[in-house]
Amino acid sequence: MSPRKANIERLATFSDGVFAVIITIMVLDLRPPEHPTFASLLPLWPTALSYLVSYLFIAIVWTNHHHLLRFADESTPRLIWINFAHLFTVSLVPFATAWVASTRIAAVPVFLYAAVFVLVELAYLQFEHHALTQAEVEEISPRTRRLAWIRSLVALGLFLTAMFVSFEFPRCSFALVCCAVLLYLVPEPPVPPGESTDSVSLKTV
Amino acid sequence: MSPRKANIERLATFSDGVFAVIITIMVLDLRPPEHPTFASLLPLWPTALSYLVSYLFIAIVWTNHHHLLRFADESTPRLIWINFAHLFTVSLVPFATAWVASTRIAAVPVFLYAAVFVLVELAYLQFEHHALTQAEVEEISPRTRRLAWIRSLVALGLFLTAMFVSFEFPRCSFALVCCAVLLYLVPEPPVPPGESTDSVSLKTV
Amino acid sequence: MSPRKANIERLATFSDGVFAVIITIMVLDLRPPEHPTFASLLPLWPTALSYLVSYLFIAIVWTNHHHLLRFADESTPRLIWINFAHLFTVSLVPFATAWVASTRIAAVPVFLYAAVFVLVELAYLQFEHHALTQAEVEEISPRTRRLAWIRSLVALGLFLTAMFVSFEFPRCSFALVCCAVLLYLVPEPPVPPGESTDSVSLKTV
Amino acid sequence: MSPRKANIERLATFSDGVFAVIITIMVLDLRPPEHPTFASLLPLWPTALSYLVSYLFIAIVWTNHHHLLRFADESTPRLIWINFAHLFTVSLVPFATAWVASTRIAAVPVFLYAAVFVLVELAYLQFEHHALTQAEVEEISPRTRRLAWIRSLVALGLFLTAMFVSFEFPRCSFALVCCAVLLYLVPEPPVPPGESTDSVSLKTV
């Protein structure tokens, strides 16, 4: 193991620590109710739901972070700072989710929610660009790179649209954000049949 | 160290971070009492006891997670998501335990407690299946696989029974859950004498 | 890297996560005062002092944990469970320290404090025994093993004495606990001159 | 992988865990407001701003910690304890930052803030000295060592000045602290043109 290799691993270890704290922050708010009845569980649903949604979305972000970091093998100062920016924006997701849930999808919280995801996406775009630049040409086909790029721009567009729509139609705006996040459910954009070799080469890297 | 190997290690590092936060969440609720007397410690016993039980149970889950992950050597998207589902269900254990303790084993909290363990077990079943599928045939004997499978089904059955029994006999239901968790105290199901070779091959993997 | 080696590393990673949470728990209680004056900082001193003491003592425990784990190279089920017991007892240190500080070293809190350290020491004794058993004979000289053993017994004796003395002389009892912990400031017991070879062999392992 | 190598890695893993907790502590204070209006977000700005500043400064500290630890390859007892001292001082940054923000840069909080950074810098100086001593001569040129040393002394001077100026000009004092921290934005002091070979050799270590 060369020291250079250890570097990127320490970046991953630190990021995993931050992700582990962020993803579990909201469970701290799940406090057992006083009375042992189902009725007393009811007031907890916004907290429970926002924990579930925020957990799911941060899990999606981690999956993509994990996928991309496989292609980077040097923790350059630039990559370190882009990663810090990315983690910072992600750390705002639980707060924004909690506000949306506690206000039952009101306009201003949804606006903030979409704005947080615009920031997450902007940092992710830089992160993706930087990690893929370090990857060798034969690891990722031009088509895969193009698809990744298009998906990122589409997601950014959806988040921006959600921001502008939020004041009129907060629920539509919230649905838009969810759809855009779900675009990332599979880290690697699907490859049309006939190019499966490329996909395989990626998987075994 | 191949990049593929590093993958499964990052999954383990992230899971360990989440486990470390979850297992220590309840100690945050142990607040020093105001007065320096034994009497003022008394109101803390439900918190202390539920910290102990939740710590023990999450330790058992970690031990099995640790044991199974040794057999997986590729962090496939499927394994990553099953792992996220598993960690999510485990993260609800401290909350459910605290409610059971603070209500002194009342019916509804025990019902929720058993339900959380049904979810934990369902996610664990998938995790176990997926990790053991990746293991090579000679690493785990068919008998060991069968025993693991039977234990999981027995535990699931006990958790489900506990759910249905909770409204009538909450204390029995709670005891059932504890028994089912203790089935996992040793990650690997015991192997009858005469098959010790198999057990040794597992231990040295 | 063999899977067996990876095992002990995952035990270390998980333990480090738990230590990282435990050692920083008390800083969560350091809340900025309302008024921007030195006087308003004063009520924080018990919290600040107990954070410092608890940080120092947990740092000493980590140093010894780190030192001993170098000698173990297999994470046997026994070692895993002793480690869980050790981490559990350590996780009670911040709570006990906070109670001692907030009650200005009153009798009952000091009794609890000494009792927690008795538990920490009992778990540590097992941990030390198990880790050193795995170490090869040439790594640790019989004299070093004997010194480690004697130190552990002396510390246990001091903690027990502190427990029994606490009701009469809480401040003496507290001082006894501190002295016993400071015995571990250097993980390896000092080796008398003339045996320096042994010490070197340990350092380079 | 030799056990000695594993040692420094465990020090890094533990430090990363502590950094991950410290850097995200302040986001716990970001609580969603009750009403879904922009006006209700306003009272959160001191918390949000101090989270941002404290995140940025701790990120800078991590970057330098990460950079220096590459040169150390043995976790000596001395390095372990200097690292603990360093982490302890860093763990006070969120508290001090929050006080400065909530009092809108009042004199006493800024004094404490500068004092915390004096402690951080003193521990960092030891850490830097110890890590660079372990580095081989050809890894770091004498010029780079000298520049690192000068920067540390300049930063220490600025932090001390900020302490003494804080009672008269709290805002200037706060600006001084920020400037001194930003000196570390790039872990390695810039190398004048003509010595680029040295810089390259460092980057590829």
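Going in written order, the chains are labelled A, B, C and D, and every chain counts its residues from 1.
FYI, contacts are C-beta pairs under 8 Å (C-beta built on N, C-alpha and C of every residue); 3 or more make two chains touch, one makes a residue touch a chain.
Since the model is a prediction, treat every value here as computed from it, not as a measurement.
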item	value
Set of chains adjacent to subunit A and to subunit D	B, C
Type of subunit A:subunit B copy interface by residue overlap (half), same or different	different
CA centroid of subunit A to CA centroid of subunit C, Å	38
Euclidean distance of C-alpha centroids - subunit B vs subunit C, Å	27
Residue list for subunit C, restricted to those that touch at least two other chains	1, 13, 17, 20-21, 28
Interface residues, subunit B side, partner subunit D - complex	17, 20
Touching residues (chain side subunit B, partner subunit A) in the complex	1, 3-4, 6-7, 10-11, 13-14, 17-18, 20-22, 25, 28, 75, 77, 80-81, 84, 88, 91-92, 94-95, 98-99, 102-103, 106-109, 112
Residue ranges of subunit A in contact with subunit B within the complex	1, 5, 9, 12-13, 16-17, 19-21, 23-24, 27-28, 30-38, 41, 52, 55, 59, 62-63, 66, 69-70, 186-187, 204-205
